[in-house]
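Here come two complexes built around subunit A, the first alongside subunit B, the second alongside subunit C.
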Partner chain A sequence: MGKYLKHPLGQAGVVLFLAYLLFDFGIAYIPPLFGIASAPIPNSVLLQYLITVSVGILIWVSDNEARWAEFKEPMHRVMVDPDLKTARNSLMVLIPILVALMTFSQVRPTVAAPTTLRSIHPAPPGRIDFQGTTLELGSLQNPLRSRGSMEEHYEEGKRVYYENCIACHGDGLDGQGHYAHAFSPVPVSFQDIGTIAQLTESYVFWRVAKGGPGLPNEGAPWNSAMPAWEDFLTQDEIWSVIIFLYEQAGHEPRTFEEEGGEGEVE
Partner chain B sequence: MMAVMTRWWAVAVWFAAASAALASGSLSAQDGDALGQVTYERWCAGCHGLDGTGDGPGAGYMLPRPRDFTQALYQIRTTASGDLPTDDDILAIIDRGMPGTTMPGWEALLSNDEREALVQYLKTFSRFFSADEIPQPLEFSRATRSNADVLAEGERLFREVADCAACHGDGGRGDGESSPALVDDGDFPIPAADLTENWLFNGGGEAEDIYRRLLTGLDGTPMPSLADVITAGVITDEQLWAIAHYVRSLSPDNPPGITEVVRGVLFEDAPLPSSVDDEAWDEIEGAYLPLAGQIIVMPRWFHPRVDGVWVQAAHDGETVAVRVSWSDPNNSPDPEWADWKSQVIALMQPKEGDPPDEGPTPDQLVVQFPMQMPEGMERPFFLRGDNRRPVYIWQWQSDRDGALEGEARGIGTEAFLSGGQDLTVDASHADGQWQVMFTRPLVTEDENDLDFVIGEAIPMALFAWDGDNGESGTRGAVSSWYFLFLEEATPATVFVAPALAMILTAALGFLVVGRAQKRERQSGKIKSETPNS
Partner chain C sequence: MKQRGAKGLRLFAVMSLSALAFHLFAEVAWAQEIAGGRTYGDFPIVGGRVAVWVAAQVHLLFAAFVLGVPMFAVVAEGWGMFGGEAKYDRLAKEFTRLLLVAYSATAIWGAILSFLLITIYPNLWIYLAEIFEVSMWIYVALFFFESFTLYLYYYGWDRWNRGRAKLGHLTLGILLNVFGTAVMLIANSWLTYMMSPPADVGPDTAPGMVQAWSAFANATWMPINIHRAIANVVFGGAIVGAYAAYRFLLAKTDEERAHYDWMGYVGNLIAIFALLVLPFAGYYLGREIYEYNQQMGITMMGGFMSWLWIIQAFLIGVLFLTGNYYLWIGMGRIPGAERFAPYTKYMLVVLIVGVIVWATPHTMIANREEIAAMGGNLHPFLGVLGVMSAKNTAVNIMILTTFLSFLLYWRANNEPTVRWARTGTIVQGAMFVIAALIVVFYGVYGYFVSAIVRIGFSVYQVGAVIATIVGVVVINVFMMRGAKSRGAIRWGQMPPRSQYALFILAVTFTWLMGLMGFARSGIRQHWHVWEVVRDTSEWAATPALGYAAVVISACVLIFFVLVAFIFWLGGLAEKPFEAGAGADASSSPGGPELAPAAGD
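For the complex of A and B:
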């Protein structure tokens, strides 16, 4: 064992294997141990990473003449040593078969869903019609923030949320309501900093009022289960549920001054 | 502003708690209560109510209703039937939630301190908990091994001895003869759990979990504890394990994952399945598609019976056959379930729209496709299409022979073809399960339907209604878009590229080895050898 580990070819193999473990499993499973969300990386990215690591290894072994010679030596021996004829012949059969299988798995007809590219936060329209009144989204402010008691708006928003939104967005605001798994795209997690935390309240108002059907085509409106709440709720109810969302998830709405482009592709 | 206020409050509470702890040298139960109360009011009161009676604003939109903590009835315990739960029991439920209900798990969202404080706070709602009596968990025996004999014994006990089938039905789908009349301690109708979907069991779906539920019972529900039956010597502990293993075997080994694509298997030589119970179906892998209540347009429905359907598909190049299977305890309309129906309607009547149909309502199934194969990624709205892009639907219902083809441009605009039907249907209801098989030629003369294409993902959505659960019209279960993919025959050209790659690699191998050996010979190290002799 030790003998193989001292050999540069053995070392290269070990490094490559460890890198593979780290990329394929480590990235997905180590961060969660520290409470950071993570997901496995796709195979194409894995392949790229491993190629990068291999190039690194090659640079390292070829950096030193002696090491390079030692590195090549076993491979060379397999090719020329009369004693290794069986190994050589089996490799010369096995490798082409392996290549053939890999190619087959690439070209074989697959049963797959078409990928949909969907803009999660497409640009909103300039103005919307809400139950007969026209609202200018560019300058729309949450009127409840300058009126009445925040405590009451929060309680009212909570009522609206529990009566209407929990089934999808979840009472933890984590997008894990008991119906969430039946919809694709999945309901948004408001805990995630990529959602309401980077939106203005007027943008959120538009999304709540017009729902999935109100999205422009780049938002794939035909797939979204998000209801158009203008059919169910009054303007004040929507503003109060927005106050509830920010308060309960512990985020601050973005304000117009800091607003940049709200556009991003999933 | 609001955020600041609540945070201030929490800080103040903590400060008080911490100084009290310093003064007394340890945290007393009361200080934990403050954190427990803050956490409860923020995250639990929306369902369980501020006073713990289970009447928060969300409560009317779910069945089972949120638990009333003043009754101290806990379903998932390690203690004997009728006993209070241990603190660990309550904590475990808060952590994991109760699958199959709206009660979520909180492990990821709340800290350890918060969840432990919640346990203590929940107990303050009921006078049954006291500091002197600490509930003791039962001793559970180790799991026995399962095998074919054990399962057969379990099945016999399930049907004949322990009387499980009276509520759960012979196939375990919740269709036993007592099932229409079951109510829980709050007088709410409660279905006997569908034992073929163990991922929705309230207390976990493995044999160990089931064994524990059988020993402790689910207090507050009609589901009994078998502890007395064991004490009386009617069945042994080993036999209880046999029942648990049998119940476990009714569900798939792993909960169905999310499949986006239903594969339409190509029947090249064999004939397509000809009836709904044709054995050929057993060979075809099914995809499980979860369904949810229709809560997107008015009037909404928050209590669908059908939480998912299994879909199988096959084609032979001429005709496509699709079989959909789902659990439903009865064939509606059925007078035995009339009471059940009116109770559910009364409890789940949403505040909008006309009251649901009180007259006889059938079970229904709709399979939906776009009217035309979409170009690019655009497709009709998943909920029955829209004005610009209509959908093409197959509609079946339990009180009518045959199925209808039709089109819709939005929910409620369904229009059915009167003649020239190309669709045939075969349906059966047995052991609490509907199975409905549709067949149609891939291509028809008709302009107003979809021509099925082979080798492309065809958008497909499903909708299901249980009439005797109060469902009809927009009150039912819906899915989002999935895909039906009719397999192509593997074209011969697919083998060309791998063969080429193989030949090239082999040639390259010969070349490299040959050259290496030549060089070696020239330098005189080895005598002579051909690369591959």
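For the complex of A and C:
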């Protein structure tokens, strides 16, 4: 066994196998041991990671002449050595079968919906119509941040949230509301650094006001069940709930740079 | 030989003039004919949009080549002239020989693009021509001067090779770059105007009322200029590397192999070093796009086009891995390099982890079961790798690692003799460690601050990396003065797979240019000119990513078929390789032949 592990081909196989275990099982089950949430990774990401590791392995075995020769030697021997005819013939059968099985598993019809690309943050339009008023999203600011008391806005937002949003987005703003598991995809978690923390308030306003029905075509396919809250809430109520979301989740909205009101990119 | 050269000159002159004549007169005539007629034309089989797309893309690829290569041709010539090393002069001439045919190809594809635009998008053409007519005339004039400067530069190489004449020849090379860059700046203004027209231009603004200079120097013009200028150097280096690899694989003598091995090394070095600064220029461009229009920025970075960034991350990962691989294999021909060989596997692990982090998607491609298991498209654990804090950290660490590879390569056969060598090495090591710590610290800290603060952190990360690169290079230059050689580099003793690495680099760069060019252009969506001239053709919808990838791959294929022909021509016109004309390096044991060790 030790002999095989000292051989580059054996080492390559072991590294690839360990990488597979780490990606397919380690990522899903090790973080929870430390109280960190995790889940199995999708096949698309698993494949991407394994290809990357395979490229790394190929680089390692071939960046040195001696190692490269040693790595190829068993494969070469299997192909030409008269004593290894059985192994050669077996591989000639096994490899096509393996390829056929992989092909079959790829094209086999299933009841699952096809895998799709999904834009989490589809681009907003330049302007929207909100209850008869045209709002320019590019320059839209939360008016409540320069008006009245922030504590009052926060309390008002809290009221709006607990009356309208909690059922789906949850008490902890983590997308785990009572109804959440009836939806696919589940409602977003505002705690996640990939959601409102990445967005300006005007973007969040647009999403809340227009909901799933108001998403642009370039955001499709989009399976959002969120209603268009412009039909139920006033403009100030939406702005106040946005203040509540950011305060409660501990994120800051993306801001425009102070000089000349210019935007930013990350 | 001279006779053949003169015939070649006439042939190129006739071709170029013909292209120009068609370019000038046909545009006017066709434009007049169609002015009051149809809105859009069509093209058989593939449709109008794809026809223009392919013509524009292939034209751009050739243009990038003919703009990038003269930059380092003239630098190499200057280096050979002032440094007294004839091999650089030969290298520069060989670069320039490739330019001649590539230049014709650029002009031909430019003419194809113009004709297709005129016939398929006549109204858009007329609109743009009315705003940019003066710059179009200047463009043609510059094109004319550029062409003939190139012919003088190449055909005068052997005649003006001494004293003042050589200085004049070098000046021609500089002029060639000036004309070429000016041509690029003008063309960039047209396409950037389509992305970011001035704020006071609307759908009702008559083109004649648009101020020419504000249209010319629009919001994204300068960022594109900078990004393209650097990218052209990268691309030129990669294509020259591929040419050297092609010639290396066909070489019949050791001298030829030594020469083309060295040429490939130089091309790769230029490409990789210019690549290291390209992300910063790209960042500047992205920032300006966001500032110009938030919707456009979000479409590019967070919306529909964001998937291209994952592909880009993966391809740039390929570039980093391949560039390092080439250096590591190259160390096999450097005496003394074996003492560094054990470290390459650690650097490889760092690079692989970097690629994995950089290419981890923010929103994952998943089926319904996988989405249900994750609780959405964001992975609860890997989601932290999907944001820019992680990406910036990964790419900066990859840049540092690549630079470390280069440093080891540089020092491989050199034994410093200065008294402070050990201290210098420790300081260099400390600079790497400190830079890595700064990069990781701000990467992690970035998760705990607002976006506006986090963006500022990237400046510290980049600053630390650039300061380290500059500092380490300066120390090394002084440390390697009078260094003792462990033996001459055995130029030419490279396995063939190293040359395939150079091909991979060239193809990957080309693919990246097409894909990310589509991202830049596609974010205009259904607008010819953003929110000013709407695309009302049947091709107005932004193409799906898969479709775009197929078209771009076809462009890459067309380009490389033509480039392969040019490579073949490059060998055809050459006189038999003279012994000793290659890298003199191969025959001078003990000398610090590795270009950087000599102060490159």
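Going forward, the second predicted complex is superposed on the first by the 159 of 266 C-alpha atoms of A that agree within 3 Å, B and C clash if a C-alpha of one lies under 4 Å from a C-alpha of the other, contacts with A are read in each partner's own complex, and residues count from 1 in each chain.
By definition in this document, a residue touches a chain if its C-beta (ideal position, glycine included) is under 8 Å from a C-beta of that chain, and two chains touch if they have at least 3 such contacts.
Just so it is clear, the structure is predicted and the values come from calculations on it, not from any experiment.
> Please indicate which partner A:Gly2 is in contact with in the superposed arrangement: first for subunit B, second for subunit C, both, or neither.
Neither partner.
> Please work out whether A:Leu101 is in contact with subunit B alone, subunit C alone, both, or neither, and reply first, second, both or neither.
In the superposition, A:Leu101 touches subunit B alone.
> First (subunit B), second (subunit C), both or neither: which does A:Trp60 touch?
Touch status of A:Trp60: second partner only.
> Once the shared chain is lined up, is A:Ser184 touching subunit B (first), subunit C (second), both, or neither of them?
both
> Which partner does A:Gly132 contact after superposing on A: first (subunit B), second (subunit C), both, neither?
Neither partner.
> Please work out whether A:Ser44 is in contact with subunit B alone, subunit C alone, both, or neither, and reply first, second, both or neither.
Once the two structures are laid over each other on A, A:Ser44 reaches subunit C alone.
> For A:Arg254, is the partner it touches subunit B (first), subunit C (second), both, or none of the two (neither)?
It touches subunit C, and subunit B stays clear.
> What is the contact status of A:Val80 with respect to subunit B (first) and subunit C (second): first, second, both, or neither?
Touch partner of A:Val80: subunit B, not subunit C.
> Check whether A:Pro122 is in contact with subunit B, with subunit C, with both or with neither, and answer first, second, both or neither.
second
> Once the two structures are superposed, pull the subunit A residues common to the subunit B and subunit C interfaces.
112-114, 116-117, 176, 184, 252
> Where on subunit A does subunit C make contact in their complex?
27, 31, 36-45, 48-49, 52-53, 55-56, 59-60, 62-65, 68, 112-126, 137-138, 175-176, 184-186, 188-189, 192-195, 197-198, 200, 203, 218-219, 251-255, 257, 262-266
> Which residues of subunit B touch subunit A in their complex?
These residues of subunit B touch subunit A: 1-3, 5-6, 42-43, 46-47, 56-58, 60-61, 101-102, 104, 106, 108-109, 258, 260-261, 263, 290-293, 295-298, 302, 352, 377-382, 386, 389, 455, 457, 478-481, 483, 485, 487-488, 490-491, 494-495, 497-499, 501-503, 505-506, 509-510, 512-513, 516-517, 520, 525-526, 529, 531-532.
> Going by the contact rule at the top, pick out the subunit A residues touching subunit B in the complex.
Per the stated touch rule, the residues are 76, 79-80, 82, 85, 88-89, 91-92, 95-97, 99-104, 106-109, 111-114, 116-117, 145, 150-151, 153-154, 158-159, 161-163, 166-168, 170-172, 174, 176-179, 181-184, 191, 212-213, 217, 220-223, 225, 227, 231-232, 243, 246-248, 250, 252.
> For subunit C, which residues count as touching subunit A in their complex?
Going through subunit C, the ones touching subunit A are 283, 286-287, 289-291, 293-299, 301-304, 306-307, 314, 317-318, 321, 324-325, 328-329, 332, 341, 344-345, 348-349, 351-352, 355-356, 359-384, 386-388, 447, 450-452, 454-455, 495, 497, 525, 531, 542, 545.
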